[in-house]
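Once you scroll down, you'll see the structures, which are given as structure tokens.
First chain A sits with chain B, and in the next complex the same chain sits with chain C.
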Partner chain A sequence: MFDLSSRSAKLVFGTVAILIAFFLFFPIYWLVISAFKPNAELYRITPTLYPHDPVLTHFATAFGRGNLLQQLRNSLVVSCSAAALNTLLAIYAGYSFAKFRYSGRRLVMVFLLSAQVFPFGLLLISIYPVVTSLGLIDSLAGLTLSYIVFALPVSTYMFYSYFTQVPSEMIEAARADGAGELRIFHTIVLPVSIPAVVTVFLYGFMWSWNDLLYAMTLIVSESKRTIGPGMLLAYLNEVNSDWGGAMAASIAASAPIVVAFAFLQRWFIQGVTAGSVK
Partner chain B sequence: MTMTSAEGTPAPPRMSAFARKGGLKAHERRVGRLFLLPALAAFALVILFPFLRALGVAFTRSDLQTPEPVFVGLANFRAILATPEILGAFVTTAVYVGLATAGTVVLGLGWALILNQSFRGRAVLRAVTLIPWVLPSTVTAFVWGWIFNSRFGVLNAALVGVGAIPHPTAWLSTTGGAMTAIVITKIWFSIPLFMSFFLAGLQSLDREQIDAARVDGASNFALLRDHILPHLRPVLLVVIVLGVIGNLQHFDTIFALTGGGPVRATSVLSIEVYRRAFDQWDLGMASALGLLWVATIMPAAYFYLRHLLKGA
Partner chain C sequence: MKTAAPRMSGMERRDRRFALALLSPALIVTGLLILYPMYMVVMLSLREGKSMNFLESAGRPLGFGHYAAVLTDPATWASVTTTLIYTAGSMIPAFLGGFAFALLLNEKFPGRRWLRSLALLPWAVPGVLVSVLFLWLLDASYGIVNALLRDAGWIARDIAWFTDERTAMFAVILPTVWKSLPFFTLTILAALQAVPEELYEAARMDGADKVQRLRFVTWPAVRGAAVLAFVLNTLWAFREFDIIFATTGGGPYRATETLGIRAYLEAFSYFEIGRACVLGMVMLAIALLVVMAARRPLQKEFF
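Coming up: the complex of A and B.
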């Protein structure tokens, strides 16, 4: 886009690029190398720029605490279930909005989408008693159910905008052949919608995996903790912080989501920018 | 590529009132509503009902001494207006939202312009740019908590090292330092999403128009001012609105980094509502404050919804 043949243009462009890149990537570099520094190297007034004496002790202590693996497993269970539930609910709603016309449709769309702007914190005040009365407080099932709040509105919209691009002729032809509506959806629409399904699943997974607020409020037992609040409680202790352990645990907690994105990011970004998410 | 792909596709032709009454149309209405049902039920359970309930609780006294809510009219709202420290939370929120949104827009746009140039390794760079955005909130808080650490943090070491400050700053325990830290943290992990929006906008820029302007001798700066920025105006509006909504709601990294402190220096509305509800269990006040919080989001939400529903 820009013409960078002149020296001054190269200089300005290059400087800005390096500054932003440094801001974006240095913290990640620092996270990773800090996990490999022995304590003597970690707690120095003048830090070393790379681990001179790399060790794996922080990983050993982080996993040795025993809770980390369990928290990772809890997070995995909740995030997969929440993502699946969210995808299942959103896909039919998005299909309905895109391919059917009925009175009240637009109104319901407004309602569903506006849910995205209600602060999660405010909804939590009332979700708490709802989950309690369902007998699901302090349970992974209750947390899973609550995570619908985060992703359902945007996921529905992502499916909606995807399905508007699926030609209606395909559906009408099948209907003319006498196929049932559920069969039309599952054999004709669903197979061409895999990119959207992957995107929405990952989106729901990400919200649940990364959440702190709901996880720390709706779960009380140590054995049911997910990684967000679990790590916070384990490491952010003002008196005696174990930063090496915190960094090692962070790498373990980030690995699944980063790996998932590495494979799926191209689809994902298209879906998300089309859905205009927060 | 338009922002909402829905815009590009014409909606199915509207049926006349007469045709709609026919058997096929009645069938379509019924099936359409059935497909909607599961999501609607979930929506009612975890979003609509909780919201309506909060709406009711806001007009009651409901705390540890009063387990059965008692209707008190506008008393909670009056109490909020009479409590300077709660009103202070609105100011703190405005500062946080303003700084974080502005910072993310500028850096997100800058980064998008850079990633829109063609150079080797661009695809990889675009992909890894997303990492800050996908990290769990707690990890993000750890990363920046460690960088801003007052004794062993790399930021203090660097600033003292180059002589920018005479001695280390206790970032997270001073008023200005804590605000700086939470704003920078928010900007850091919001850049990737903003960058993606700007990049999507840039890709629909008319190359021929740019080339023609260049042949006419337009400088890079003139190109940016006269062609690129005007083209990005609609994207910019969406991004600002989304940024404001997201920043108004943000809780996780602020809570993990400062907990709203020192004292109340970073106690934004999300923190304030959480403290009232889950530390003090004063649900009446928390809900009332929460509704005022919703009210601050509404103007941005209006523009956002109008944009989303264009052509729906």
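Coming up: the complex of A and C.
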């Protein structure tokens, strides 16, 4: 878009690029290298810009301390189930909004999205008794269910937005052939919707994996604790002085998200794009 | 409404029943976990008196006692101001930076794809992790930020970013900008890539300079996506909890106590459920104002 032939344009372009890239990537770089520095190098008044003497001890202490491994496993179980449940609920609702006309359709959708402006923390005041009355308090199942709050409205919208772009002629043709509605959805619409499914799954996974508040409130037992509250309790307190361990634990806690994005990113970008640009 | 004239009404009825069947599982869950809790917040904000117990509160007489108490409390308005400063202070730089970065990633240069993938990371990682990371970067004794500023000669003494009243707001805004900038970049970049290169060529032929091309070609093409991203992110920052709670907890001396933090503390630390729910209603009112202000572009984008 810009004419980059002039030297001044190149200079401005380069400077802005470097500044923003530095702001975005330097913290990541610092996170990674801090995890590999020995304590003697970590706590120096003049920090070293790369680990002169890389060690793995912080990973050992991070995994040895508390229940990092168990917390990661709990988070993985909850996030995968929440993402699956969310995708399942959202895909049918989104299809219903996109391909059928009935009164109140728009109103329901606006209502669903309006939940987005509500502070999630306050919903807990009454989600707590709801989950309790279902007998699911302090259980991973209860936490999974409550994560629907975060992702379902936007996920439904993403599917809605995607399905409006699936040509209705395809569906009409199958109807004319006498195929049942469910069959049409599963054999014709679903196969072309994989990018949207991947996007929504990842979106739901991300919300659940990143949650702190709900896990902190709905889970009491240490054995069921997930990674958010786990890290909060281990490293975010007045007396934390184990920054190396904190950085190592951070790497472990972000690994699943990074891996998921690395594999599914192309589809994810396609899906988000379909939702935000029409 | 589509004009499906030849279709029989029986068919349409069957369609409608099927559509509702598809919708109902999501509706039931939404009703139970979103709508009912929202309704309860409204109801509890109207119950007089203090009670620790949720069920006991529900039986109390109705009234505007909590509203009167909360709305006349100067601490509430201090929190409103804090929230607005925090939201605007993080969203405006994140938007401008995200926009600029999207323009840059839209250019062709080596390593672009790689950079784009990496740029998404801050947005995807947990808020707790972002908090831990920035606490370390801004650490008062061994933080790299203090070290760099000291080396540059800009500060004489180390700054305790998160615990100093004067810098705490900046300290919580910084990770918020870091976390939300990539979302702007991603959505705006997607819109940019939909603009055909010929449009720029044509504008260039007509003698439009860089600024004019940005204003008359680029901006109209990305406006919808940009507004949508801005509103979504603003609503998100407005009720942001994790970063502030995990770093400052609202302190020092309430310097970073936003409405979301305050409502949480009222409900779960002081067990003032009525007051917490009124604060929630205040948040809802402000959020609705934001949505109303952006109603027209939003409508265009959403339906």
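Keep in mind that, in the parts below, the second predicted complex is superposed on the first by the 269 of 278 C-alpha atoms of A that agree within 3 Å, B and C clash if a C-alpha of one lies under 4 Å from a C-alpha of the other, contacts with A are read in each partner's own complex, and residues count from 1 in each chain.
Heads up, the rule we're going with is that a contact is a pair of C-beta atoms (placed from the backbone, for glycine too) under 8 Å apart; a residue touches a chain by one contact, two chains touch by 3 or more.
Bear in mind that the values here come from a model prediction, so they are computed numbers and not experimental data.
The superposed arrangement places chain B and chain C in clashing positions on chain A.
In the superposition on chain A, contact of A:Leu42 is made with both chain B and chain C. Of the two partner chains placed around the shared chain by superposition, chain B and chain C are both touched by A:Leu112. Of the two partner chains placed by the overlay, neither chain B nor chain C lies in contact with A:Ser193. In the superposition on chain A, A:Ser81 makes contact with neither chain B nor chain C. In the superposed model, A:Gln71 lies in contact with neither chain B nor chain C. Once the two complexes are overlaid on the shared chain, A:Ser208 sits clear of chain B and of chain C alike.
By the touch criterion defined above, A:Ser34 lies against chain B and chain C together after alignment on the C-alpha atoms of chain A. When the two structures are aligned on the shared chain, A:Gln165 is found in touch with chain B, with no touch to chain C. Residues 1-4, 9, 13, 16-17, 20-21, 23-25, 27-28, 30-31, 34, 42-47, 88-90, 92-93, 95-97, 99-102, 106, 108, 111-113, 115-127, 129-130, 145-146, 148-149, 152, 156-157, 181, 206, 209-213, 217, 227-228, 231-232, 235-236, 243, 246-247, 250, 253-254, 257-258, 261-262, 265, 269, 272-273, 276-278 of chain A contact both chain B in one complex and chain C in the other. Only residues 3-6, 8-9, 11-12, 14-15, 20, 25, 28-29, 31-33, 35-36, 38-40, 42-43, 45-51, 53-54, 57, 107, 110-111, 113-114, 116-117, 125, 127-132, 134-139, 141-147, 149, 151-152, 154, 157, 161, 188, 191-193, 196-197, 200, 202, 205, 210, 214, 220, 223-224, 228, 238, 242, 245-246, 248-249, 251-252, 255-256, 269-270, 273-274, 277-278, 283, 286-287, 290-291, 293-294, 297-298, 300-301, 304-305, 307-309, 312 of chain B touch chain A when the two sit together in their complex. Residues 1-2, 15-16, 18-20, 22-23, 25-27, 29-30, 32-38, 40-41, 44, 54-55, 97, 100-101, 103-104, 106-107, 115, 117-122, 124-129, 131-137, 139, 141-142, 144, 147, 151, 178, 181-182, 186-187, 190-192, 194, 200, 204, 210, 213-214, 218, 224-225, 228-229, 232, 235, 239, 241-242, 245-247, 259-260, 263-264, 267-268, 273, 276-277, 279-280, 283-284, 287-288, 290-291, 301-303 of chain C are the ones touching chain A in the complex. Residues of chain A that touch chain B in their complex: 1-4, 9, 13, 16-17, 20-21, 23-25, 27-28, 30-31, 34, 42-47, 88-90, 92-93, 95-97, 99-103, 105-106, 108-127, 129-130, 145-146, 148-149, 152, 156-157, 160-162, 164-165, 168, 181, 185, 206, 209-213, 217, 227-229, 231-232, 235-236, 243, 246-247, 250, 253-254, 257-258, 261-262, 265-266, 269, 272-274, 276-278. Against chain C, the residues of chain A that register as touching in their complex are 1-4, 9, 13, 16-17, 20-21, 23-25, 27-28, 30-31, 34, 42-47, 88-90, 92-93, 95-97, 99-102, 106, 108, 111-113, 115-130, 145-146, 148-149, 152-153, 156-157, 181-182, 206, 209-213, 217, 227-228, 231-232, 235-236, 243, 246-247, 250, 253-254, 257-258, 261-262, 265, 269, 272-273, 276-278.
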